[in-house]
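There are structures below to look over.
In what comes next, subunit A is part of two complexes: it sits with subunit B in the first one and with subunit C in the second one.
Now for the complex of A and B:
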């Protein structure tokens, strides 16, 4: 009996894997378009300049490839949609009777998706970057620190995403919040353009916001390998993870307190 | 004895249908006021963020192959207003319900409002006074129409793929987003074969880039070509839709119209 049960679960996982694979291919198509547009844009901006604010054109494109992979991996859209649906149709109550945490369930699922999507998108965009601008210098010693801050990126992004998704208990539909949060990450977090390129009067404040520790910090470390960028990013991540975890737990407790379940 | 059946001109009756449907959509939006405001305002803020990115870039670099920040304002105004008009009036509905009704099935099944598109529309209109002068208004309106036709046609082509390859929602969504992304950047950053593709097969450049260039410096050839290509796209889209509709088989879906 046990074998049948586990083989059924394996089959489901396998099918889901294929479903994701098609999504990856489609996401890959979109990232090809974005990288292509930005390589054109940066070529126009760079003209004959070798570097802008310490970034060569190659570093700019590789930076974008990394930050895009992180952003796609985070899966904020799917998290917002799922939580919103579960609140609207009441399935959120199914989790409350089980010996598992609602937030923990989504975090575990989100982590698998993050790893698969991040690795796949980064691989595909790396191939494209090699074709568009060639390689950039990357040391093997960067790998471990990069893994650490990328994992912290997932945790921070999940806590922020979940905190706002849980507002569905009050608002029901949180799609508009997702748009604003996503654009906040794009612009305030320096996802498309590193914060170094922004006017100094703005960037000196933006580098301390949580968005910067999700994309800008890890992205900059990826292309520069600068250890001071790594330490600054990791400290900022630890600080914001603690703050955001507290906020998320508070919102969750308030949200669950609002829930009325009528048997059934 | 036989009651006189009053036959209306089909064009007039479809325009009346559009007006009535838009009214109903607006009543529905007012019924769900909070959701409507949240979607429209959310999209308005979303668009402001994009503009902020360009503002930052132009603060640093001032000029992108002849394009200045005011051109970006015009690009976003044309893009968001033409997008906003089309998707405030049209969207995809459930096909089965409309197949048995007397109005044109494509037209009738497309009458659905997107709340967020209203945010785009308002954003683009708010931007227009900063981007164009009074003498530019006729050209601006012309390109809103061509842009709207292109948006409608592209959406229809991607949605019609479902007739041939089954569920194409995600594929169509990504392809549409890609065209929208390509249309959100100055045409001056593209060159060679890319520019050619963006002005023909994937007409992102005709939706926003060419309008900006022609409004800034009139060019009769591009003025006429944009209109002609928009009509070609609309014709092809309608042909694909009806070709697909012939293959359509329904599972006797029964539901109440929402």
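Now for the complex of A and C:
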């Protein structure tokens, strides 16, 4: 894989992303509503309690701000819809006649979208979190490890999203799969509530599923700065990235071999 | 850029002379598709969940042909004839059910990425330019994708920008360009890496007559100046007539004609003219070399051979002698050309 051409794809997507940045900014303000609703909800649940399963109310809201930024940045919905459309209307042929990988093309574009969305949403929600619950303790030493596991989060989420999107070569429409996957992330990945709050009998298993390494692990490290959470998350991410990459490559090879584009 | 891949192939052909070597060879190519059929009705839909009926369609049925370097090949046929399927097999996108394909000495299915460096594609209905950005951004991206050396790329772009007269257009967001301007940019995008073969699938679809003319003359110039082999599919027979030196007609997956243009030129010169009249006409008198296809008191459909009588003089005659309310001029449909070929 020649990295230069893929970085050029990321660059042009980045440029295109800023063409309509104001529109995007308006849609990103959705996070304001979510954080406002959840902060009130958690206030009621916490009552006089200082912490719930090790999380203060401040940590809980900042956790949600981070996991929402990751989830919005992953752009699963857009990936599923784009691949479905490209297979259905035959636009996939525009990529297959070029010396590049179809998966690499979407990964490069997805990376730019992830960076733009993640940074913007996290910025907006950080301002709101400061107003709603004030700052949480965050060390500058957390920045590098956080960037590493956030990048791994993107890679893992992309491989899972792409593997299922590629099923469009068989099913044509994979939007139903997107809904299942998204709900899986919400419930099994601890997107809205950290897995620590779940009953122990369930959460001990959930922390090993790939969903947990997309949102729960990075989110928990963001609010706790606990190095053991970082290492557990990174090891889990490397493991699942290897598995999912293998699955994605296999599905891609099978998909390309059975591509059917009728007519023009 | 992987320019070595077919260098020996092309050098060999250059030594032997222009248009000597087959650049594309297809032998007994077959492509079958399996399509799920669904019967109407609720019960049938439930049944289809358990077992669906599969119908096999032979999109391409045992075709063989060759293309020489520098040729402009017209590849035509009615809708669903198998044109685009063939093009997609030639570019390596689709896998044939059986048969052999060789493009520039490569197997498109096994060496798709390698082949991609030496071919260009324009799918008229599937734009490759980034809609919200100026065309120059897509051009630069393609330079990176095809790994073209920076200096070589800039020289090439400058040349094509001049040739296709798009200097004033390349810095405007693509969505703000007219269809004709956009198509010129699309063709330049497909030529930036200096491909040996360019596949054009309906490049003039939806364009007005002036834009079509412009595209045709530019393609002709490109072929003459650079010797680029052009494979063109189009529903517009005028595209074929003005550009191609060889014609392949495909119908129901089979090749029904593969020869020079001269054999079918008479047919391509045929125009169908529909005339509508203000008042009832009892009897029509036609000029020589015009054949009635359909008539009623208010409507007349006539076929003319434009070599024997020009469209203008034919219309002059009618405007002088009748109260013409409206008229439509069109080409004879491809289906009639195929019928004619079968008859002969």
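Criterion: the second predicted complex is superposed on the first by the 238 of 264 C-alpha atoms of A that agree within 3 Å, B and C clash if a C-alpha of one lies under 4 Å from a C-alpha of the other, contacts with A are read in each partner's own complex, and residues count from 1 in each chain.
Going forward, a residue touches a chain if its C-beta (ideal position, glycine included) is under 8 Å from a C-beta of that chain, and two chains touch if they have at least 3 such contacts.
The shown structure was predicted, so the numbers you read here are calculated from the model rather than taken from an experiment.
A.B. asks: Touching A:33, do we find subunit B (first), subunit C (second), both, or neither?
C.D. replies: first
A.B. asks: Between subunit B (first) and subunit C (second), which does A:99 come into contact with in this model arrangement: first, second, both, or neither?
C.D. replies: After superposing on A, A:99 lies in contact with subunit C but is clear of subunit B.
A.B. asks: Answer with first, second, both or neither: which of subunit B and subunit C does A:90 touch in the superposed model?
C.D. replies: Second partner only.
A.B. asks: Now for A:193: first (subunit B), second (subunit C), both, or neither, which partner does it touch?
C.D. replies: first
A.B. asks: Contacts for A:41 in the overlay, against subunit B (first) and subunit C (second): which applies, first, second, both or neither?
C.D. replies: A:41 sits against subunit B, while subunit C stays out of touch.
A.B. asks: Name the residues of subunit A shared by its contacts with subunit B and its contacts with subunit C.
C.D. replies: none
A.B. asks: Name, in rising order, each residue of subunit B that touches subunit A in their complex.
C.D. replies: Per the touch definition, subunit B meets subunit A at residues 34-35, 38-39, 41-43, 45-46, 49-50, 52-53, 56-57, 59-61, 64-65, 116, 170-171, 174-175, 177-178, 181-182, 185, 188-191, 194.
A.B. asks: Give every residue of subunit A touching subunit C within the complex, in rising order.
C.D. replies: Touch residues, subunit A against subunit C: 2, 4-5, 8-9, 12, 15-16, 19-20, 89-94, 96-100, 257, 259-264.
A.B. asks: What does subunit C use to touch subunit A in their complex?
C.D. replies: 2, 33-34, 59, 79-80, 84-85, 88, 91-95, 112-114, 116-117, 119, 121, 123-126, 128, 130, 132-133, 137-138, 140-141, 144-147, 199, 201-202
A.B. asks: Can you list the residues on subunit A that touch subunit B in the complex?
C.D. replies: It comes out as residues 22-23, 26-27, 29-30, 33-34, 36-37, 40-41, 43-45, 171-173, 175-177, 179-180, 183-184, 186-187, 192-193, 197-199, 202.
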